[in-house]
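Here come two complexes built around chain A, the first alongside chain B, the second alongside chain C.
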Partner chain A sequence: MRTAVLLGFRLRQEVLEWSGAWWFLLTLVVQAVVAPLIGLFVWSAVYPDDPAIARYYVAVILVTLMTESFEQHTFSERIYNGTLSHELLRPQPVVVGVIGMNLAIRAWLTLLGAPIVLLTGIALQVGFDWWAVVRSTPYLVLAAVLVFLWTFLLSLTAFWTDRVHAVVGFGSQLVFLFGGTAAPIGLLPDGLRRVAEVLPFYGMSGLPAEIAAGTRGGGLLVYQLMWIVGLVGVVMVLWRVGIRRYTAVGS
Partner chain B sequence: MTAVEVENLSMSYKAPVRKGGLRAAFGSLVRREYKTVQALDEVSFTIAPGEVAGFIGPNGAGKTTTMKILSGILHPTSGAVQVLGTVPWQRRSAFLKRIAFVRGSQPVGGSQELTVMDSLEYQRLLYDVPRTTFRRTLADLEALLELEPLLERQLRALSLGERMRVGLAMALIYHPEVLFLDEPTIGLDVTAASQIREFVQEYVEQTGATVLLTSHYMADVASLCPRLILIDKGKVQYDGPLAELSARLSPYKLIRISTQGDPSSFGEVVDKADGRWVLRVPRDEVAGTTGRLLQALEVVDLAVEEPPLEKVIDQAYREGLR
Partner chain C sequence: MKLLRLLAAGFSMSLRRSVAFRVNLVFDVLLAFTGLGTAIAAVLIVFTRADTLAGWSKAEFLVLIGTYQLITGLRTTFIDPNLSWFPETGIREGKLDGYLLQPAPSLFLSSLSLSSPLQLIQVVLGVGVLAWGIGVADRSPGAAGVMSWLVLVMAGTVVTWALSVLLACLAFWAPKLQLDVFYHSAWQLGRYPTDVFARPLRILLTYVFPMALIASVPSTALLRGPQLGVLLAAVGAAAGAAALAALAWRAGLRRYTGATS
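And now, the complex of A and B:
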């Protein structure tokens, strides 16, 4: 309960903090939607008569906006410039602050990106089955958790390297390739598809989008949950080892 | 019973190094070289509850690193530390609610968009301060730190002096028992620095808090800390009363004298202007020299002083302790 109150307060703080940087958030929105838009154009050209393609990619854009994570810019920078010390002094888990900022940025991206999703949907005359959209909600929530855990995990490498952006950039490419943005994973070659279905990236983007688009019924919550449990375990180990290396020299 | 107990505390870390030039830069792509920096080397001391200790030393001596370890931010390489009976770097909530670490260089962390009052309210939630206690403490802090005009201001819009006052208020709103103050008056003007000093003194008197203070301003140390711990190159060089350090480092005292005569034969002249002289005299000859001066000259005023603390500490930093 106390953690929820603290998280709520932190979220409010961060929403306020980021409200002054709406122009910067707009650039993040553009960055987030470019890759799915390219996928949309390419696969719509390949399958011009399949309305599910446009529906799927509009859903991917929305999922991407609602699950984007930037811990390499927020959390890792605090390791580099030593301001993580402020968080370490607070009688609460450091991750509360990280989650608060993550949720605030996602809220802003969703708000600022909503017009793009709406315009794309109208332009391509995309129609959704709203029951399918409702059914995708738990998958979307778990996707948001997965993306956060994945990005946070990679951002923790800032304790070891000053090249965290390259590490997270590589991780984002894996999500792009195997998550269903480069291509719906059903369209990947057989071998790659089988690999993609096992890796966590499909659960971060393609799965909730497919369910919202009505091209899949559901049934993979356990797959997402298992990856969440696994990533939480790795994050906890990495945090414990990494924080021992934190030096904050000269700050 | 001790509030802070530090035993053989050492801290080292690896810093990447390379020679200048393109060849060395390419070489470092294949094989990076590191240098081990010994920030702390077998540091030991204890601080009793309610004691105010000054922790001084030149830049890079290891003061801030020690404070970061004592407040739980850093893990040491070796050694044992107990603050209020707890190992700090375990960062237990109950422990963190009993200490505060205020840095003059970054007095206020967190969201800079918030108003001062919002930030204090966040501290109340974070540290589980009951509303009645919060209101009472806030009223006290408002009076002591002249906070009232700042409460509705955003943190980002505060001046350095105001940020320090707010930083102290945010740290003290939950009544910490141990206070780590790292350069609390850095960058402040004389008045603001003096206000902060008076405030810390008053807080300690009222609450009996234990304080470890670092400062390069000897006025802070002299007015607040009966005990000094001098650290240099990661090692404790001196731990004891301020006056003793002064006596140990400087075998001289200063005699300040106003006279129309010439007292230059009674000691080394350090300064003279308009009939006012300052003589440097060996400590064990002060009484005799004073007597002879009073007999030989028509003295209007005479005072015996310790040499300025800045000079003594500067000497300690440059030459070490004998």
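And now, the complex of A and C:
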């Protein structure tokens, strides 16, 4: 309960702090929507008469905006410049601050990106079954948790290397290829599709988008939950090993 | 000639700095491989479902990705280390003040004096994909095609430099405006032929933010033969963009009063 209250305070603080950087946030929105937008144009060119493609990619754009994570900037940079020490001295878990900032940025991206999603939907005359959109909500929440855990896990490598941006960049490439942004999972070649359905990346983007678009009924919550449990375990181990390695600037 | 010698000296110093961190070299090479691999995989997936995409064959796409990678490699090697985050590093932190005191043109020092030699791996990989695309193409490019590709790649590189300078110049008027993320996001659109996109975006990418010149136009010239009109327009666009960048820089410097004043 105490942690939830602290998280609430931190979220409020971060939302207010980021409100002054709306122009930069807008560029982050553009960054988030470019890859799904390219996928939309490419697959619409391949299947020009299939309205499900546009519906799926509009959903992917929204899912991407609501689940973006930037811990390689917000957390890893604190390891590099030593300000992680400030967080370690606070009487609260360090992750509260990381999650607070993550949620604040996501809230702003969703708010600023909503008009783009709306305009794309109207321009392409995309119609959603609102019951399917409601059904996708728990999948979206778990996708948001998965993306955060994945990015945070890779960002923890900053304890060992100063090339964390390359590491997270590699992780993003995996999400792009196997998560359903490069192509809807159903359109991947058989071998690749089987691999993608097992890896966690599909649960980060393609799965909630497919459910919102109405091309899949549901039933994969357990798959997402299992990956969350696995990633939480790895994150906790890496955090403990990494924080022992951490040496503050000046010590 | 003096500027070329300065460029070579800067590159040499950057190279010596870079090779001191060999682990970084491993990371950069791996990321370049996986980045290019992902881009190619995304396109090859499309070609498991279609023979052509917006009129482009698989071989043409490979040539386009190779060309795009080559120019991206040149950008990340020679331009980005200087002009990335310029409003912050150049203006707010005062790096530009140091350049203005040195006996060389400030535009050159600000835009080309530093480099990231390890990023040249992207150029090498780009050339490899280009050769792959040419190898699987139905017909080999002619001498005229190769020559026009070279001219168009040079024009594309000049336009890339000019666009980066123009974006950096915005910092003279709006120091808090940080458009790097936007620029690099829009750059991704160059990996696909403009024919794929809807008409408004296609016009934007051809005439306003000329990403078409980066990869689409050179690739078309290489495999489908040169067009004199396109060549002249590209050279004109490169000259115009470079002149505009130089003018904007000069106008910006007249406004500039120093980081601490």
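Simple rule for what comes next: the second predicted complex is superposed on the first by the 250 of 251 C-alpha atoms of A that agree within 3 Å, B and C clash if a C-alpha of one lies under 4 Å from a C-alpha of the other, contacts with A are read in each partner's own complex, and residues count from 1 in each chain.
In this section, contacts are C-beta pairs under 8 Å (C-beta built on N, C-alpha and C of every residue); 3 or more make two chains touch, one makes a residue touch a chain.
Since this is a predicted model, take the numbers as computed values, not measurements.
Undergrad: In the overlay, answer first, second, both or neither for which of chain B and chain C A:212 touches.
TA: neither
Undergrad: After lining up the shared chain so the two structures overlap, which partner does A:23 touch, if you call chain B first and chain C second: first, second, both or neither?
TA: second
Undergrad: Quick check for you: in the superposed arrangement, does A:204 touch first (chain B), second (chain C), both or neither?
TA: neither
Undergrad: Where does A:220 make contact in the superposed view: on chain B (first), on chain C (second), on both, or on neither?
TA: neither
Undergrad: Touching A:41 in the superposition: chain B (first), chain C (second), both, neither?
TA: In the superposition, A:41 touches chain C alone.
Undergrad: Applying the touch criterion given at the start, work out whether A:88 contacts chain B, chain C, both or neither, answering first, second, both or neither.
TA: first
Undergrad: Residue numbers of chain B touching chain A in their complex, please.
TA: 13, 15, 39, 65, 68, 71-75, 91, 93-94, 96-97, 100-101, 105-106, 109-114, 118, 122, 125-128
Undergrad: Which residues of chain A touch chain C in their complex?
TA: Result: residues 23-24, 26-28, 30-31, 34-35, 38, 41-43, 45-46, 161-163, 166-167, 169-170, 173, 176-177, 182-183, 187-189, 192 of chain A touch chain C.
Undergrad: Which of the residues in chain A come into contact with chain B in the complex?
TA: Residue list for chain A touching chain B: 2, 5-6, 9, 13-14, 16-17, 19-20, 83, 85-92, 243-244, 246-249, 251.
Undergrad: Given the complex with chain A, which residues does chain C contribute to the contact?
TA: Interface residues on chain C, with respect to chain A: 23-24, 27-28, 30-31, 34-35, 38, 41-42, 45-46, 48-50, 53-54, 176-182, 184-186, 188-189, 191-192, 196-198, 201.
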